[in-house]
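The following pair of complexes shares a single chain, chain A, combined with chain B in the former and chain C in the latter.
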Partner chain A sequence: MKKNFRGLFFTPYVLWLAMFVIAPVALIFYYSFFDIHHNFTLSNYQEFFTSGTYLTMTANSVLYAFLITLFAILISYPMALVISKLKHRDLWILLVILPTWINLLLKAYAFIGLLSHDGLVNQLFQFFGLPIQHMLFTDSSFILVAAYIQIPFMILPIYNSLTDISGSYIRASRDLGATKWQTLTKVIIPMTMPGIKSGIQIVFIPSLSLFMLSRLIGGNKVITLGTAVEEHFLTTMNWGMGSTIGVVLIISMVIVMLLTNTKRKRRRA
Partner chain B sequence: MKKFLAAFIAILAICAGLAYGSDQLTKSTGDTGNKVLNLYNWGDYIDPALLTKFQKETGYHVNVETFDSNEAMYTKIKQGGTSYDLTVPSEYMVEKMKADHMLIPLDKSKLTGMNNYGSSFMNKSFDRGNKYSIPYFWGTLGIIYNDRYVKPGALKHWNQLWSKKYRNDIMLIDSARDIMGFSLISMGHSVNTTNSAELIKAKDKLNRLSPNVKAVVADEIKMYMAEGEAPVAVDWSGEASEMMSQNSHLHYVVPTEGSNMWFDNLVIPKTAKHFKAIYAFLNFMNKPENAAQNAKYIGYATPNTSALKLLPKSIKDDKQFYPTQKVIDRLQVYSNLSPQKVQEYNDLYLEFKMHH
Partner chain C sequence: MEDKASKTGKIYITIVFLLLYIPIVYLILYSFSKGTTMTNFQGFSLKHYGELFADKRMLAIFLNTILIALLSSVCSTIIGTMGALAVHNAKRKHERETLLSLNSILLVSPDVIIGASFLIFFTALKLPLGFWSVLLSHIAFEIPIVLLLVLPRLDEMSPSMTNAAMDLGATPAQILSKIVLPYIQPGIIAGFFMAITYSLDDFAVTFFVTGNGFTTLSVEIYSRARQGISLEINALAGIMFIFSLILVGVYYLIETHNARNGRKKNLVEVTDR
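Right after this comes the complex of A and B.
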C-alpha cells in the first residue's frame, strides 16, 4: 500500500521525463535515419562523416566552443574569487546574474551598437586619436560576445563551490607555511574543481551551436554546426540531416559529461 | 508545508486570472465571431488602415498572423491545425504548394478587377493562367550602394562586385537561391539551372568573391546599410526601399545583364473556411485606390497597373523600383526545384560561406 502511494508521487516525474526529455531525443534519433524521401537509411551519417564541409564545420565549432569556454573560465574564476571575498557578495553576484534576465537577441544588438563602424568603441578610439577599427564580423568579436553571454553561467557554479570552502582550510594552509599562491593553486583551485567542471558542462555545448550570434556578430564568417541545423530545418527541410547533426551534438555532450565526471568520482572514492 | 501549499494555490490563482484576462481580451478583438477573415501574411506587409477600411465597408474583421519565411509558412500550413483563409507565398512556393495540393483554385466568376493587373505580371511560369494566385507585390534582386563611398552610377554590373576596389566592402543577404543566383547570372546561366557543373562553377566564382564579402546577414542588413556599416550590399528591392527611406545616401540598381524577379502572391490554402470574406477581400485589394494606398505604405512595387497610375510621380517614375520594360524582359523568375537540387544549392552555398 505504502509502496503504491510512493509510486503515485513518482508518476508525474516519470511522465515529464518521458514527454519532454526522452521522447524528443528519441525523435531526433528517429529522424536522423531518414533521407529527404523518407526512406530509412544510414546515408545521413555517412555523408556527415565523409563530407569535408561537415567535418571542417565540426572542427570549427569545437575550436570556437573551446576558445569561448577558455575565455569564460579565465574571466570568471578571478571574478568569482574576488566576489566571494567581498562584504556584500550576494549583491555582487546578483549583479553578475542580472544580464541573463535580458533577452539574448537584445544583448547581441547592444553589442552591434558598441562595435559597429560608428559605434561607441570607435567613437572612443577617435577621441583618443586612434584609427577606426573594423570590429564587427570578425572571429574575435564573435568570441568576445559569446564569452560575455556565457560568463554568468560559468561564474555561478565556481562561486558556489568557492563559498562552500570552509575558512579553516585556508587558515590551516597559511599556518602550515603556504604562500598565498600555493594556497590558491594547491588548496582553493583543486577544491573548486567540481564547480569549474559543471561550468564547462553548461557553457561548452551551447557554444557549439550559437547560430544567432554567428550571424549577427560573426556575419556568417563564423560557421558553426548551429548554422547548418538551422538551414536544414528551415530552408532545405531536410530534417534527417538536421537531426543527424543534432545527434552528433548530443553525443559530444555525453562525451564532455563523461570527461568532466570521472575524475570527481575517483576523488570521492 | 502549509506555506508551500499556500504559495502553490496563489500561483494557480494567478494563472487562472491571467488566462481569464487574455481570453476576455481576445474575445473583445472579435476573434471568435463568424464575420472574420484569417490572413497569414509576412510581417508588416499590409497597410493597417486598409484593414480598418475593409471592415467598415464589408463588416469582415481581418485577423492577421505573420510569418518570416516561405518555408516556415509552408510547414505551419502543412502540419494542420490552422484555419488560414489567405496567405502570401513567393512564386516558387506557390509552385511547391500547388504540387503538394495545398491550394484551392480561384473562382474567377467571383473575382472583379483582375484586368487592373499588368500583363508582365500575370500568367507567369509558376502559375499559368493565374489559376491559384493573384500577384500582391513584385520586386527584384539588386545592388545597393552608399554614394559617400561609391561614385553614383559606377556600379552597374554583377561582375563589378569582384573588383579589388570593394575589398571587405560588400554585405550579402543570407539566401542560397539569391546569392547562387547572381553568380549564375554573372556567367550568363539561368537562375534555375539544374546542371551541377554550372552550379559548382558558380560556387567557385563566389569563393573568389569572399575577400570582398564583409558579412552574410539576414534582416539586420537594413540596419547595417542605413547606418553606413558597409558601402555595398546585395539585397531585394523591397528591403532596399526601406533602407533608402532611412538613409538618403543609398541607391539601388538592377544590373542590366539581368537579375531575379520575385512575386509575392495571394493564394487560398486548403485550410480556408470563410470563402465569402476571402473574395470580398481579394476584390477589395484589386481596387486600384486600395492597391495604391498599400503600395505607398509598404514601398514595394505593385503589379496593379491601374493603381500605379494613381501613385505620385516620385514613386511611379522611380526607375530603381519600377524598371523599364527592357530591364523587366531580362529578369528571371525562380521556379520550384526538386528537394535534391534545393539541397545542392544550399550545400554549395554553405561551402561558400565557410570559405575564407
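Right after this comes the complex of A and C.
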C-alpha cells in the first residue's frame, strides 16, 4: 500500500540527485579530457602534473589551507573550551554563530578598509611607534582574513563535542589524581577528536577554493586552486584545464574526507 | 550550571570576541561617516543610506536576491522534505547510507566545483544563464541541508503513531497529512529558514552561473569591492546586518520552540554552510 507513495517521494529527490549531483560531477570528469579545441586528450593532466606552475600552485594552496586550518584550530580550541565552561554558554555560542550569518564578501570588504594603508591596523601600528606596513594584497593578509572567516566554523564542532563529554569523566580523572593539564591532554582532547576532525573538514576544503578572498585580499599574488578554476572557466574559457583542476580539487576533498572520517568508521565496525 | 571558566580564559575569549566583532562594527560604523573612505571618520551622516535607497539598480538587485531566496527555499523545502521521507522509508540500511552520502556531496564540495560543474551542466543543456540558472542552482544546493534538518524529526517519530493510524483505517494520504507532516513541521520550517540564509549568503555558485544580465547582492558587492571602497557598500552592510539579525532571531525562536517540544538538536550542528 505504501509502495506508490514511496515512489512519489522518491522521484523528485532522485531526479535532483541525478541531475544536480551525479551529472555535474560526471561532466567535470568528462570535460577534463578535452583541450581548448574540443579534442579528446590527456594533455590537461599531462600539463598539470609536469608544469611547474600548476604543481607549485597546488602546493601553495595546500600550504595556505593547512595554515588557515592550523591557526583556526589554535584559536578555536581554547575558545570553545572556555565557552563550554561558562554559565550562559548557549548565549555565548550564539555570539560566535552570529558573524557567520553576515555575508562573507562584506567581511572581506571590511578587511580592505582595516588593512589598507591608512586603515585602523596601520593607525594602531603608528600609535605604538611601528612603521606602516603594506598589508593588503599579501599572502599573510589572505591567510589572516581566511582564518578570521573560518574560526566560527571551527569553534562550533569543537564546542559540540566538548559539551557532549559527560562531567563524570572529568571528575573521575581529577579523583584519580590527574593535574588539569593531564585531564586536558589525556581526557578532553582525545574525546573531542571527532569535533576537531569535522572542524578540519569544514575549514580545510573550502579554504582550498576561496577565490573571492584571494582576489579581494590577496590581490593577484595569491593564486590557489580555486582562483585557477575561476580563471579557466570565466576568463580564459579553457574549460578542459579548469575541469582538470576541479578533478584535482575533488580528489583532494575525498582524501581529506577519508583522513578525517576514520573515527566514525572504526566505531561502526 | 556553575561558571567554571578561569580568569585567563575569560580574558582570552574577550579578546577573540573583540577580534571577531571589530571588522563588523568597523564596517557598519563607517556607513554613517560623512567622508568617502574607510579610514577617517568624518562625522555622522546618513547620506550613504540616502544614496543607497536612491540607487534604482541596487533596489532591483535587492529584489532579485529576495525573489531567488524565497522561490528557491520553497522549492528546495518541498523536494528536501520528500527526500527525507524517501531516506526515512528506505528499506535496507545500505540504501539509506548511499542516499545520505550522495546527499552530502553538495554540502561538502567546494563552492567553485559546484559553480563550475553547474555551469558546464547548464551549457550542456543549452539553458541560457540568468535568472533560471541561478534559481535552479540555489534550489539544488539548498535541498541537502533541508533534508538533514527534516530527517532527524522523522527518525525520532515513533512508528507506533503511524501503525495506530493505519490500524484505525487511515489512508496513506491521511497518515502523511494528519500525522507525519504536522509532526515534522518544525524541522521543515527550520529547513526553510536555513535554505533562505544559504541562498542569501551564496556568492561563488551564483558568480559562476549568473551570466551577464542577472546579478544578486553578493555578486554586486564583489564587483564593487574589486573597484575599491565605496561607503554605499557599508550602508548596504548595515542593512544586511539588521536583516540577518532578524533571520537569526526567527531561526532561534523556531529552534528553542522545537527544543521545548522535546527535540534537543541545536542549530550549532548544522551551521557548517
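FYI, the second predicted complex is superposed on the first by the 248 of 269 C-alpha atoms of A that agree within 3 Å, B and C clash if a C-alpha of one lies under 4 Å from a C-alpha of the other, contacts with A are read in each partner's own complex, and residues count from 1 in each chain.
We adopt the following convention: a contact is a pair of C-beta atoms (placed from the backbone, for glycine too) under 8 Å apart; a residue touches a chain by one contact, two chains touch by 3 or more.
Being a predicted model, the structure only gives us computed values, none of them experimental.
By the touch criterion defined above, A:L136 lies against chain B but remains apart from chain C after alignment on the C-alpha atoms of chain A. By the document's definition of touching, of the two partners only chain B reaches A:M57; chain C does not. Judged by the touch definition given at the top, the superposed model places A:Y31 against chain C, while chain B stays out of reach. Look at A:A65: by the touch rule set out above, it reaches neither chain B nor chain C. Once the two complexes are overlaid on the shared chain, A:L216 sits against chain B and chain C alike. One of chain B and chain C touches more residues of chain A, and that partner is C. Within the superposed three-chain model, A:N238 lies in touch with chain B and out of touch with chain C [touch as defined at top]. By the document's definition of touching, neither partner reaches A:L162: not chain B, not chain C. Looking at the shared chain after the overlay, A:S116 reaches both chain B and chain C.
When the two complexes are laid over each other on chain A, chain A has residues 112, 116, 118, 215-216, 234 in contact with both chain B and chain C.
Those residues of chain A that touch chain B in the shared complex are 36-37, 53, 56-57, 60, 112, 116-118, 134, 136-137, 215-216, 219-221, 223, 227-228, 231, 234-238.
Contact residues on chain A toward chain C in their complex (touch as defined above): 1-2, 4-6, 8-10, 12-14, 16-17, 19-25, 27-28, 31, 75, 78-79, 81-83, 85-87, 89-90, 92-114, 116, 118-120, 123, 148, 151-153, 156-157, 159-160, 198, 201-202, 205-206, 208-209, 211-212, 215-216, 226, 229-230, 233-234, 239, 242-243, 246, 249-250, 253, 257. Chain C meets chain A in the complex at residues 1-6, 9-10, 12-13, 16-17, 19-24, 26-27, 30, 37-40, 78-80, 82-83, 85-86, 89, 99, 102-103, 105-106, 108-121, 124, 136, 140, 143, 172-173, 176, 197, 200-201, 203-204, 207-208, 217-218, 221-222, 225-226, 228-229, 233, 236-237, 240-241, 244-245, 247-248, 252, 266-269, 271-273. Across the complex, chain B meets chain A through its residues 69, 71-72, 75, 168, 171, 174, 176, 213-218, 220, 223-224, 227-229, 339-340, 342-343, 346-347, 350-351, 353-354, 356.
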